[in-house]
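Two complexes follow with chain A in common, the first pairing it with chain B and the second with chain C.
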Partner chain A sequence: MYDDALHMPRARQGQAPDVFRPGGWVPMREYRNDEPVDFVIVGTGAGGGTLACKLAEYGFSVVAFDAGPYFRPLEDFASDEAEQTKLYWTDDRIVDGANPLQLGSNNSGKAVGGSTVHFAMVSLRFRPEWFKSRTVLGYGADWPLDWREMWDYYTEVEQALKISGPVTYPWGPPRPRYPYRAHPLNAAARALAKGCEALGIDWTETPLATISAPRGLAHPCVYRGFCVTGCSTNAKQSALVTWIPRALAAGAEIRDLAMVGRIEVDDNGLVSGVHYHRDDGWHFQRARNVVVAGYAIETPRLLLNSATDRYRDGLANSSGLVGKNLMTQSNQAVWGVMDDEVRSYKGPPSLAITEHWNYADKGKDFFGGYAYMSQGPLPQLWANTQASAHGLWGGPLVEEMKNYNHVVGLKIVGEMLPQETSRVTLADEVDQYGLRIPRVTYSWCDNDKRLIDHSLKFMSRALQAAGAKDLWIQEDDTCHLNGTARMGDDAGTSVVNADCRSWDIPNLWICDGSVFPTVGGVNPSLTIQAIACRTADRIRAMARRGELNRSARRSSAPISATTDATASTA
Partner chain B sequence: MSRAVERDVLAGAGLALSVLAAAAVLAPKAGSSRIRSQRIAALPRSGPQPRTAVRAARRLNGAAGMLAASVLADSSVEHYRGSFKNRAMYTPLVVSALTLATSLHGTSDMRPLAHRLRDGCYLLAAATGLLGTGFHFYNVTKKVGGFSWQNLFYGAPLGAPMAILLSGLLGFCSERVRETARSPRPEMFGLPAARTIAAVTGAGLLGTSGEAGLLHFRGAFHNPFMAVPVTLPPIGAALLFNAAARGQGRAHPFTRAWMWLLTAMGLAGVGFHAYGVSRNMGGWRNWSQNVLNGPPLPAPPSFTGLALAGLAALGLMREHRDA
Partner chain C sequence: MHDRSRNRITQDRYPDYDVLAKRNGPSWNDKTREVIARRLSIDSQPLFFAAEEFETLTAIAARIVPQPASRPQIPVAALIDRKLHEGVSDGYRLAGMPREREAWRRGLHALDAEARLAFSERFAGLSGAQQDELLHRAEAGRLNAPEWGSMRCSDFFKRRLLHDIVLAYYSHPVAWNEIGWGGPASPRGYVRLDYNERDPWEAAEARPGHESEAARTNRHVR
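Our next item is the complex of A and B:
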C-alpha cells in the first residue's frame, strides 16, 4: 500500500517508523483509549517530545499525540523548499495587531518532533540574569527557576543532543565542554567574525544541534544546507531522531496525525483525558494527567477551546493570562554583497554568532538583549525576501538574484518584551476539525523598536567592516513564539508553577515555550528542552512523595528497544 | 588534458604508488639475499660489524619509505580535496614520491656507503617538511580567528608536513649509519647513531600522536578506539627515550615489542578509518565523497613508519655495544 505520511498514520499496530533505517520499524507499545494512561502529552516537539522520553524512561505510561505526520527523514525529505513546507503548521489562523505575525514557517511545525524537525539547530543557554530579569535587570518578569539548576539541565540536553559547539564559550559563567566540536565555518560565518573583530567584540562558533562526528546510526553533517527545510541525513538532532526513539524504546506510544481538540474535565474539576481526531473520527483517550505542549499558539488555543461550565474562560485560566503575553523574537537582518563568492547556503545557516549584546548592559537604550548570527537563506526564501522585504520585482529582482552567491547577511534573535495586549484568542471561524481557530494579535512596544533599531545600526557597521557593499535592511521579520501560559510563583500572575503544573487543575500541565515569562535574546529550543527535563524530574519526585497518584506508575517492564527493519507496512 | 582530470590522475597515481610502495616496504626481502651477500663479501672488511650497520640502515630506509608512502597517499587525497588551489600543494606529492623511490632503492642496496643522490633526496624531503609546516602555519593564522581551535581543526593540519620531515631525517640517518658501517661504531655528527635515531623517532612519535590527538579531539573521541593513537605512541616514545638515554648494548625486548605493537596499530588504523568512512552519509557506496570527508585512510601508517625506525634503532643498539 502507498505509504503517505501526510494522510495515513504510521505509528500503529505495535510499531513506529525507524527514522534511522529506510523502510524500518521499531516496536511501539500501544494503549487502549479506555485505559487511563499516566500521561497524555499533546505535542511531540522540544517540550512534548522531551517530556515523553523522560517520563517513559521514569516508568510512567505515556501517550504522546501529534497533529502532524511521522516523517522518515531519510526518505521523505527533499532538497526542495516548496515540497518541505509540509513541515509547517499552515492551518487557518487570523493575525492582527499593529505588527501582524507571519505564521507558518520559522515559528511552527506540524510533525512528530514538532518544529525541531526544521529548526535552525541553534542551541543556546539563557543568560543567567534573565531568569530574574525583573529583579536584576529591571524589565519583564522573573522566572520561578534558579539559573544554577537550569545550568545542569542545559548540560543534560546538550549531552542528549550531542551539541557541536566551541571549545570555550566567550560569554556567561563556565559551562561544561560541548559534547561535539564546532563545525567548520562557511564564508558567511567568517564575514560575521570579520565584522566582530573589526568592531572589537567577541564572536564564536554557534553551538548547533547537528553532529560534527558520527553518532550511532546518525551520520555527521554533510553541509547540505537544507537544515531549515528538514535534514535528510539525520545529522540534525531533532526531537524526531533523539527524544522520540528513546521514548519509544522506553514504552511510550506516539500517535501521529492525531489532533487533540479538547481536554475533558470530570466532575471533580480534574482532567480525565483528551478528545482527539484521527482516521476521520473523534476518539477519547483516558488519562490521569494531561500535558499540553503545543507551543505558544496551539497550547492556549487548546486550553481556551476546552472551556466548560466550570471553567468558562478555558482551562487553567483563573489568572486570565492564558493566551496573553505572546512574545516573539525579532528577526531583523542587514544584507549586503561581497566581492568574493560567499555561497552562504553551504552548511548550517548560522555557523557563527555573537552574543555580545546579550551580555553587555552598557551602550544600550533599551531593555533586553539580542544575539546576531550569520545567515544562509535558501534560494526560494531569498527570492521571496527580495520581493517582499526589499520590494524588488521583475527585471531588478532577476538582476539581484544573480548576486545570490555573493550575498552575506546578519540577523538578530532579539528579545521582545511581554505585553498582555499581544495575545492569542479564539476567532469564531472553525478549521477542518470544526475547532475554533486562533486569532493572533501582536504589536511591538517602544522598547522592542529601540532594540531593533540598535541592532540594525550595529549590524550595518559590522557588515560594512566585513567588506560588504550595497547594504539594505530587512525591517520586519520575527521568529520564535513564546509566552501565553507563563510560569511564576503566584497563581494570580501566572498560569503554571515552576514545575509546569497548572495552578488551577493539579493534573493539567503545560510544557513548551508557552511557559516562558520572558524570551531572552537566544533561540528558545534548548531552554524548552531543559525545562522539560526538569519537569520530568519534578514529576518523578512528586510521584515518589505520593503527590501524584502512586498507582499511576506502570508495573510492567518497558518493551525491548531492538528494531525490526524487516517488517513492512501492512 | 583539463586541469581537473590532471588532478584526478595525479592524485590517483599518488595513491596507487603509495599503496604499492607500502606493500613493497613491508614485504620480506629474502629473494636476492644470495646476490647481496656475495656483493657484501666482495667489500673490504675493516669495521667490526658492517653487516649489522647496513641492515639497520636498510631498515631505516624502509621506515623512511613507509612514512613517505603515508605522506604521498595522504597529501594526494588531502591536497586533491583542496583542489591544489596553490601550485605549491603539488610539492609534497613529488617529493614524497621521490623519497619513496629513494627509500626503495636504499632497502635493496647492500653497500656500506652513503649514496649522494639518496642523501640529497632525503635532505630535500626534510626541507620540504619544514617549508610545508611554514605554509600550513601561514594557512592557519591568516584565517579569521587566527591561531584558534577552529583553524587548527579545519585549516591546513600543522603536524602533517612533519611526516615528510621525519621521513627525510630517518633517511638521512640511514645514510649516516651506512657511512659509518666500517668505523668502530655507527655515529652521526659524532653522536651514537642508534641512540640518536631512537630519540628522533621518539620525538616523531610524540608529534604524530599530537596530530592524531588534535584531529581525534575534533572528532570528540566519539569512538573509544580513537584514544589508542594518543596513548600507545607516547608510551612508545618514552620507551625509546629511555633506550636512548641508557640503552647501550641491551636488547630492550619490551621496547621492541611495543614498537611491533605500534607497527600493528598503524596498520589497524587504516581499518578503523575505513570504518569511519563508512559512517558518513552513503558510506562506502559514496566513497568518492566520503574518502575525502571521512578520517584520512593513509594517515595511521605514519605510526608504522616511525615504529619501524624505532625497531631499526633498537636492532642497531642491540648489535653494537656503543651505538
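Our next item is the complex of A and C:
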C-alpha cells in the first residue's frame, strides 16, 4: 500500500493514524467543507493542538489544519539526524537584520503536533513577575494575565503531559509535585551540577515532557538521545501523542497536509472560513470562528496574506502590530572538553538546569533573565557547531570531532526584549503554494548583548569549576520564536486581548507563541499550552453567556448546515 | 581558535569499532535500517550537478573534511548532490542568497572563476595549498569575481559550502566510527549514563598503550 506521510494525507475517510499502534487507526469525525464548524484551528502544535483538544472536549465542532504530515512515530521515525529533517518547516523563508535568525531545524516544525514533535521537552513555568515585567521589573510589556491564574493552568498542562520533574523546585512560589519522578542525570548534567555547587547557586533536574514511568501504551524514556529529531518510542509527550489523540476522541477532525493560505472575511467584516490547499487543489472550509496557531512566523504571515480591501494591512492589524515585536531567545553556549568520558548523546539533551539568573535581580547589568542547561548535541549538529561557530574546517575539524565523547557544554535560554523593528513581513517571492513568503528581520538590542555577555562569563566560570578545559564560546545562536501578535489590555497597543481574541474581528483568534508580550528566560511551550487551556475555558464561559453562538454548540443543538451560520458578535 | 595541544593526533581513537555491526540488533528500528541502507547505496555519479561542477565540489570536500586513504571513503559530494536532487532545503536563507540549488551552482562556478583568475587553472586542478588559499579568501569575504552576483562569498562559504559538506560527512556511519558515537539507538537506547560509563553496545576508546584491548572490545559491539 502506498503510504507516504509526506505526500498523501493520512487523516481521512473517517479515520486517523493511531500513533500508539503500528498500522493502527482511530475513528475520526469529519466535516464537510460547506458545513460551518464552530472552530477552524490553523496549526496543531503547542497552541493549536491543545486548543483543539480542549474545545472538542467542551463540545464544540472543530477542524484543525496542519500543513505538515501526520506521522506515526513508531514506524516513521529513524534514529538519524538527516532523515529526521522531515520534521522541520523548510519552506522558503528569507532572514535579514543585524542578527539574522536560524530557522528550520532550530525552531520550526511542520507536522501534526507542530514543533512539539521535535522540541527538547523542557517544560518550565514563567517567573510570576514576568507577567507584569513593565510594572514590577521595569522593562518589556505587561501581560493581561494574572500569574496566579496561570499557575493553575500550568498545573493542568503538567498533569496532561505527565511531566517528569524534581521533588522540590528551587525557584518561585510553591507548585504541586510533578506527576512523574525526575530522570537520572547523565554526565553532562553532573557537570552542570558541579559548576553550580562550586559557584554557590541552585540547580535541579530539568522538568521534562518525556515519561520516566509507563503511561498507557507508551514506555518510559530509553535515553536514546534523539529527542530533538523526533522520539520513535512515544516517551516524549508531544502534542501528537497527547492532545491530538484526545482531540480525536472528543470529535475533532485533524486535516493533515492542508496548508491554509488565506482567511476569508465576509461583508460584515467577520471571518467566514479558510482557503486551504490539500490534494493538489484549493478548497474552502466554512467556520464560525477561526483560530490562527501557526507560531510566530506563519501566524503573522497568514494574517498579512489575508489582507482585503477592508483590511488592507492584513487581518487583526488595526494596531499595526501584526508581525512586530518578534522575539527569539538567546541560545549562547560555552563548550569545553573533559578528561573523563561524557558521551552526552545519551539521554535527553538537557537533564539539568539552573534558573538562578531568572530569579536573582542583584548582580545584573541587564533586564530580563536566563536559564542555562546541560547539552547533548548529536554528531551532525555538533560538527556544524564546530564549523560555523568555532570556525574549524579541514584537518583541525576532523581531529577536534574525535573529542566528541569528551565534550561538555552549558547553554542558555535567554530573554530578549521586544522591539518593533524585529519583525515578520511579506517578501515578494512566493512559495510552492503561490503564497508570498515571510521575511524575518532580527537585530539584538544592547540589553540582549549585555545579558549574553553576563551569561557567557558566568557559564565559563561554571564550566571551569566542573573541570572542563579548552573552553570556547558559541556566540551566535538563538532558539524559540514568540511575539508578532501580542496580547494586551488595549486595542491600540496589542493584537489580541487576554482571551486570545482579536480586537478587530471578534470571531478571529490567535493562540500560540505569537501572543507573548515578553518571552522570559524559559522555553515557551508550557506557557503556550497553559494559555491554550485558559483560552478554551474562556471560550466556553463566553459561549455559556451567549457571547459566542450558543446554538452552534454540539451539546445544545445538532450541527446543522446553515441556520446558525451567522457568526457571533462580541 | 582553541589550543588542541592536549589532543592526541590519532588515526583511530576507536579501533575496530563498526557502528554497522549493530544494524540488525535492537539499536536499529526498521526505518533506520531503510534510511541508512539507502545512504550507503549512493554511488559517485551525480544526478544534480554537471560533471565539471561535481569535480569542483569533490575537490572542495577533500579540503573541508580530509579523509585518510586507509579506510572506505565517504562520498561527500554525492551525498550533497542527492540532497539537492531531492530538493531538501534548510528552510531559510539570507537576503541576497539564492535558494540552495542556485547558490551551489553559482558558488562552484565562482570558485572556478576565481581559480582561473588567480592560478590560470580550474579549482580541481590546483594544489591543496592553492585550494586552501582560495577557500580562506572566500571565508574572509575577499573574493569578488562577477560570478558571485548578489551572493557574498563569505555567506556562500559559511552557510552553504561548509554547512552542507560538514553535515554530509557526519551523516555517514564511517564518520560515526571515527568519533566513537553510539549511532542509531531505537528502541534499545542506553542504560549507563554517568561519567566513564559505557554500555556494552557503545564504542570503547583506545587509551594510550591499550589500543588492542579497545579493538578487542569493539569487535564485540553488537
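One rule holds for everything that comes next: the second predicted complex is superposed on the first by the 554 of 570 C-alpha atoms of A that agree within 3 Å, B and C clash if a C-alpha of one lies under 4 Å from a C-alpha of the other, contacts with A are read in each partner's own complex, and residues count from 1 in each chain.
Simple rule for what comes next: a contact is a pair of C-beta atoms (placed from the backbone, for glycine too) under 8 Å apart; a residue touches a chain by one contact, two chains touch by 3 or more.
This is a predicted model, so every value here is computed, not measured.
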item	value
Superposition-derived comparison: chain B or chain C, residues of chain A touched	C
Partner chain(s) touched by A:E75 [first = chain B, second = chain C, both, neither]	second
First (chain B), second (chain C), both or neither touched by A:E475	neither
Touching partner for A:V222 - first (chain B), second (chain C), both, neither	both
Touching partner for A:P214 - first (chain B), second (chain C), both, neither	first
First (chain B), second (chain C), both or neither touched by A:T233	both
Chain B versus chain C as contact partner of A:L185, first or second or both or neither	both
Which superposed partner A:K194 touches (first chain B, second chain C, both, neither)	first
Shared chain A contacts, counted only where both chain B and chain C touch the same residue	184-185, 190, 222, 233
Residue ranges of chain B in contact with chain A within the complex	143-145, 149-150, 153-154, 217-220, 222-223, 276, 279-281, 289, 293
Of chain C, residues touching chain A in the complex	1-4, 6-7, 9-10, 13, 27-32, 34-36, 39, 63-66, 88-95, 99, 132, 135, 158-159, 162-163, 166-167, 169-171, 175-176, 178-198, 202-203, 205
Chain B-facing residues of chain A, complex	162, 166-167, 179-182, 184-185, 190, 193-194, 197, 205, 212-215, 219-220, 222, 233, 235
Residues of chain A defined as touching chain C within the complex	75-83, 85, 88-96, 100-105, 108, 184-187, 190, 221-226, 232-233, 337-338, 340-343, 345-347, 378-380, 382-384, 386-388, 390-405, 439-440, 469-472
